[in-house]
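Down below are the structures I want you to see.
Okay, so subunit A shows up in both of these, paired with subunit B first and subunit C after.
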Partner chain A sequence: MAGQSDPYISLFSAQEVEFLGEDEMVEIVPNMRMDPLNLICGDFGPFRPQIATQVPLWLAVALKKRGKCTIRPPEWMSVDKLTQVLEAERNSLREFQPLPFHYVEIARLLSDHARDDIPDVYMVRSLIEDIRNVRFHKVETGLETIHERTHAVKLKNLSAMEANIVRPFVVRALQAFYKHDSPEMIPQPDTTAIRRRQVADRGPKRDRRY
Partner chain B sequence: MASGSEEGSGFPADDYESLIATTDVELLKRAWRNEKAAPEILHFQTALVQRSREQIQLMEETVEEFGENGTDPLTVSLYQMDLDRTQFLLRSYLRIRLQKIEKYMFHILKTDVWSRLSEQEQKFAKRCTDDMERHLEQSVLSRLPDGYQSILKQSVASEEDDMVPEPRLDTFVFCKSKGSIEAFQLDDSKEVVDLVADDLYILRYNSVKPLIESGQIDLV
Partner chain C sequence: MKGRSLKLREAHKSSGAASFCSILWDLRAQHLLTSSSNDLSICIHDPLLPSNSPQILRHHRDGVTALALSPNSTCLASGSIDHSVKLYKFPGGEFQTNVTRFTLPIRVISFNRSGSILAAAGDDEGIKLINTIDGSIARVLKGHKGSVTGLAFDPNGEYLASVDSIGTVIQWELHSGTALHILKGIAPDTGSDLSVLNALSWSPDGETLAVPGLRNDVVMYDRDTAEKLFSLRGDHVQPICFLSWSPNGKYMATAGLDRQILIWDVDQRQDIDRQKFDDRICCMAWKPNGNALAVIDVMGKYGVWESAVPSSMKSPTEDVPSLQSKNSNGLLLFDEDEQEPSASGSLSDLGEDSHGESEPPSRKRLRKQSTYDEDINDDLLSSLPKVESRKKASHSHKESLNNGNEGLKSTTSARLKMQEAFQPGATPVQPGKRRFLCYNMLGSITTIEHDGYSHIEIDFHDTGSGPRVPAMTDYFGFTMASLNEHGSVFANPCKGEKNMSTLMYRPFSTWANNSEWSMRFEQEEVKVVALGSAWVAAVTSLNFLRIFTDGGLQRYVISLDGPVVTASGFKDELAVVTHASHCLPSNDQMLKFRVFNISNGTQPLKGHVPLTPGSCLTWFGFSEEGQLSSYDSKGVLRVFTNQFGGSWLPLFSASKEKSEENYWVAGLNMNKLFCIVCKSPDLFPPVMPKPVLTLLDLSFPLATSDLGAETLENEFILKNMHLLQIQQRIEEMAAAGLDTTSLDDEAFNVETALDRCILRLIASCCNGDKIVRATELVKLLSLEKSVKGAIKLVTALKLPNLAERFNSILEERLLNETSRPATLPLTSSNHDASTTPDVVMSKFLTSIQSSKPSQPVIPLPSPQLSSPLFAKKGKLQEGAKVGNEKVEQRRTAIVENIGKVKSLAEVKSIEDVTNQGEASIGEIKNGAVNQRPSNPFAKSSSNQEKSSLFDAIKKMKKVDETGKR
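And then the complex of A and B:
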């Protein structure tokens, strides 16, 4: 998407969003003994073989990379659950299904680093991909409802990565509408929203020609 | 106002959540996100930065000790990772602020935004503006005709300081509310919205600014 390289336009880089996602908690089953860790971000452990414990994702991945634990994928990351989510996602035109705020990043990190701990990892991956696509399409259709009197947009259940990607466009669109919003424009139902949108799209180009 | 008011606001009833939310790393992360997403510079989190610095220093000493007393290298590397993550947050937080100061220095200098800066930031802003003023003076302004030599105005005819870049406070931001806020008034319109806890909203920065300052909503 345009503008992603510009730190002022796209606020968070993909790595920064991932960084935030790495603080989500997951359950691991260690295969070694280690004393509790008293970290700045919290206390975790003790770690005992075969005894499950909760740690942040970054810690889980670090241990996993060294072969010190298995990661228990979160409940929503099963083929069953994801199939249901995908179906519901397809059946509902406007609403987003509740998924963790960082589901994209969690799924990516786990399927990159803990492939052997996720049953049917390829299926899970492709389901996540499908869900992302359906949701994205929905975001795009949803944007068409933005019009000149839009003061607030509610995006229930939109995830961190999704929000970050649409942000540059949405913010600019809302700013443009806000700027061109003048009292003599009396909103008419239905068609006006779409017509105005096209006008706004063409606006900048026309300006440049003059 | 830094951290005190934030901690007072209503956290979700979930015990575990609220326990996590009160660690300084969590507060720092919130400050970092807010600072990154807000168009203008926010109040410097003096107490929080101070505490984070102390914790980082303490942890650096601990990691060093570990290295000396032969602690298991895995444990040491995990402590180091935690340290790196916290340092990243703190550095990034301070850097975004410096970027904002550089961008809006003249605006900051002549408004009460000045009081939101830390002591060091104020020194930095002062030096920045001095240098910039001197540079513009020498390279351009001194060669312009009388009446066009102000650094803040296009010409003496300008009533306002029209050459000072200002942050756009009417821009839109993505935010999440921690608790539910009913019938929240959107500044210049007559519209009200009910903010449901944990839902994502896009609202005008101007209208939610007080809620950010009181810690009731977070920018994301």
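And then the complex of A and C:
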């Protein structure tokens, strides 16, 4: 993975983040009959026509491509909900609204593959776009406040895609500040290595700190 | 006072100012009409679907101040500030005519009991009585000084009462047109506020006239003498502006300027309930066939107050006096009226200038009108002696009882209706929308009417395996359909003479072309259709059950013994529900069902269809396993079982679930109900978006027990039922000579699950200190291992006497079991299979040994001698190794016990056995089962024995686990 190949840039490509996001569960309504699937990641099904069931997104997309199901868009992906979120996002300058960790990826995948299952797909898409922009703007303005005394940055409710974009910058900025802040201490390769590992370890948590 | 509040919904824009609004029910409470004096439109709402936009009638050029429906609900009249009174057809709402014009705004209109006269009054000085047929003015009643705001025809047709804005009440005799009684200043003076109109009302029996009084009360006046009888006085702090009698005259709703509604028990003269509102309520109407009150406030917001009369009390629609006469006579007279114009036609020319009362021709005409009215009265009275009896009854209570019964009888025929025939899984017609003709677990048939013909589509839920069926255009107007894997059947009712009832069958896949067929019925109408494997059934209006083959051969015609309600097919079986009799006075449908086996030509089942009181059947069919099931409008699912000689089990109740959802059943299987969830006012799903099935767990409507383990109890009953069903099927299969292995496995699994459930129940019984119940449960355990598990469980729970009891139960069991196989001939030697009882015994040991659950369950078969003493000793030693001394002692005792029991059993069965041999014979017995002598290594050579043993061991492990939990 990209993050492993380059020690200084712990960055996943967008496709990689999307790949991770494909493990999120979504509800589908199959139009075929199939026995339960026993996969390594769990058992899914049984699939019965017109009876909703929960499957990972990748499976939902695969079934959808074959015309075997309709995907029920998650609750937060409605125009009403998204409008509320956007409103709240705009009103609170310091906080992020709770959205699914992989909301960007889910929205992207669903609007690519299950366009006909989402009511008001254009509206939903543009709302997600807006939310993303507002949130990213918030991240950027928030990062301006980093200075030499900052040891960590706390960003609650940050999503995978957003974290992935800002992570390398934040980590390296903090490192740089740390380095410059203690001129007498020559940075040892050990400490940076540890630090980096720690950052990597925090990957799957929802509350991220840097 | 209860903190309930009624949510009102806007019907008319109020523009901030208070306006007088009106609200009305139609006769069958299928529509709710509202109007506002600030709004040009009349709205016809559907009370079942308040969220639907109402039908709007816009014919007036100014606000609508008054609404009235003819008693048979075929004609709507409206009065307006634009000085006109208009008539419409109802419920269609087509404008018919401007029936009269005034010179000033109209305030109130009212139909008489027969619907032949419409009284209209307002700011003009006279009350006009209008003949509704030809629109002629029958009479003008002059006498009021202020504008007339309230009119009420006496239910018996003799009088008209009117009240004006300054508080004068006049009682007119319709006969002569004279004012019989003029009561000045008895009602409040409403002054110039046009949003408050004085109202008055006759009681439904016509004995009393209710008028709002001056002291925030309602005053009752006698019919004949106009004397004050009594008054209803209570918690109104401001004058009453509207009042309404309940349909039976037992209750009255009053609305005051103090923004509250009070419900009164008129006989007790006591208020029984009340409700506060944000705005003043200016009009109310009791639901004609239910306990509900429709209200509208001065801001144009309306609502329906359900169960306005507390449910503990008599319903406001019980014992409605002469409702029937209203229906039948109203209709009848309307018909007569249509022929009448010839009689009054000559006079109608004079209609316009007959305002003056003195004009002789109009008087003549009036005479006629009034005699006609008298006829009505006579009619009324003769057809219903009850009205008279009412008169008497007002004096004696005894008679009123009889009278009540009579009233009940009349309402029965008028109000209660036998359920109409329906197709399971069909939704009602909605104009302009697609609807389901058939929806089942397989697919759906939908139709939409478009330019006089319909468009029918057949979709399978499983798009992969189901056949693709092209959409078809339907020129017949099919309203019934049924669908299965092989084909679909359609039928239409007859419409007029040309359009005969047709039955059409379309197979989905066939080797021959054009294998579609249709049948036409003369003088007969298809009511219900059903499909099964290779047969098509149609039930017709002549109560014929006609059965066709799927090739279209007319196979059988059977006469049914009642009008059909519904039918459903499953493989070879056809279930038909018919009416057994007219519905009961309590509004209960009397239905019965028959199940036919078409291929065998038999009728395996028949019986009554139970329903929740006051409900009707909404779905009927078979579960996926072929169990007959029904669902009623109160949301109770019932499944037929052969238990208790064939009975229905209530397996699901919607009332236990969330109340704002309705369930529209599509099917069920053994564990789940498949239904479509509809948000509350909707009773059925729309076709688009495609409805998604929801699975709901079946559950018995159990009483709340002191155990607090309802889910377990429910599981227990359900599992028991499943076990019975499976066993029954095994029997059937075995009888048919089929292989039952898979079913046996299933039965075994269910048994295991049931035992696990029982063990958990025992645990909760022990925790709840219900020892007797726990003992009963132990007796129900089906596997021996489970009993041992139970013993272990109670030992762990420190209930030694219970453990003791369980032990004795187990012993009894063992005894019963051993005495059975012992009758088999003994052919084996002493050495045979000495291991088996050892295994059993050691297992038993481990099971009671709660302290060491991890001890190996199967000790190695010990190559010991088969002498009983030795065996026991061995056990003892083993026990000593693992347990502490006390436990050991007890165990020893138990082991000895068991040994004795066993030996006793043996002694009984085999008489010539000596004492020394006891135990060894016990051992032999096990070997004897397989009847294979002299192979000491074959532990148990028969398959059956082996499997049961290993399964038992497995089971025991499981039980151990549950026991630990």
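The working rule: the second predicted complex is superposed on the first by the 172 of 210 C-alpha atoms of A that agree within 3 Å, B and C clash if a C-alpha of one lies under 4 Å from a C-alpha of the other, contacts with A are read in each partner's own complex, and residues count from 1 in each chain.
The rule is simple: a contact is a pair of C-beta atoms (placed from the backbone, for glycine too) under 8 Å apart; a residue touches a chain by one contact, two chains touch by 3 or more.
If you're wondering where the values come from, they're calculated on a predicted model, not measured in any experiment.
Shared-chain residue A:Gln50: touches subunit C; no touch with subunit B.
Looking at the shared chain after the overlay, A:Leu37 reaches subunit B, while subunit C stays out of its contact range. In the superposed model, A:Tyr178 makes contact with subunit B only, not with subunit C. Between subunit B and subunit C, the partner in contact with more residues of subunit A is B.
Of the two partner chains, both subunit B and subunit C are touched by A:Lys68.
Residues 68 of subunit A touch subunit B in one complex and subunit C in the other. Residues of subunit A that touch subunit B in their complex: 11-12, 19-20, 23, 34-35, 37, 39-42, 58-59, 62-63, 66, 68, 151-158, 160, 163, 167, 170-171, 174-175, 178.
On the side of subunit A, the complex with subunit C involves touching residues 29, 31-33, 49-52, 67-68, 70, 72.
Here subunit B touches subunit A in the complex through residues 20, 23-26, 29, 33, 36-37, 55-56, 59, 72, 74-75, 77-79, 81-83, 85-86, 88, 168, 170-174, 186, 189, 191, 193, 196, 199-204, 207, 220, going by the rule given at the top.
Contact residues on subunit C toward subunit A in their complex (touch as defined above): 460-465, 674, 690-695.
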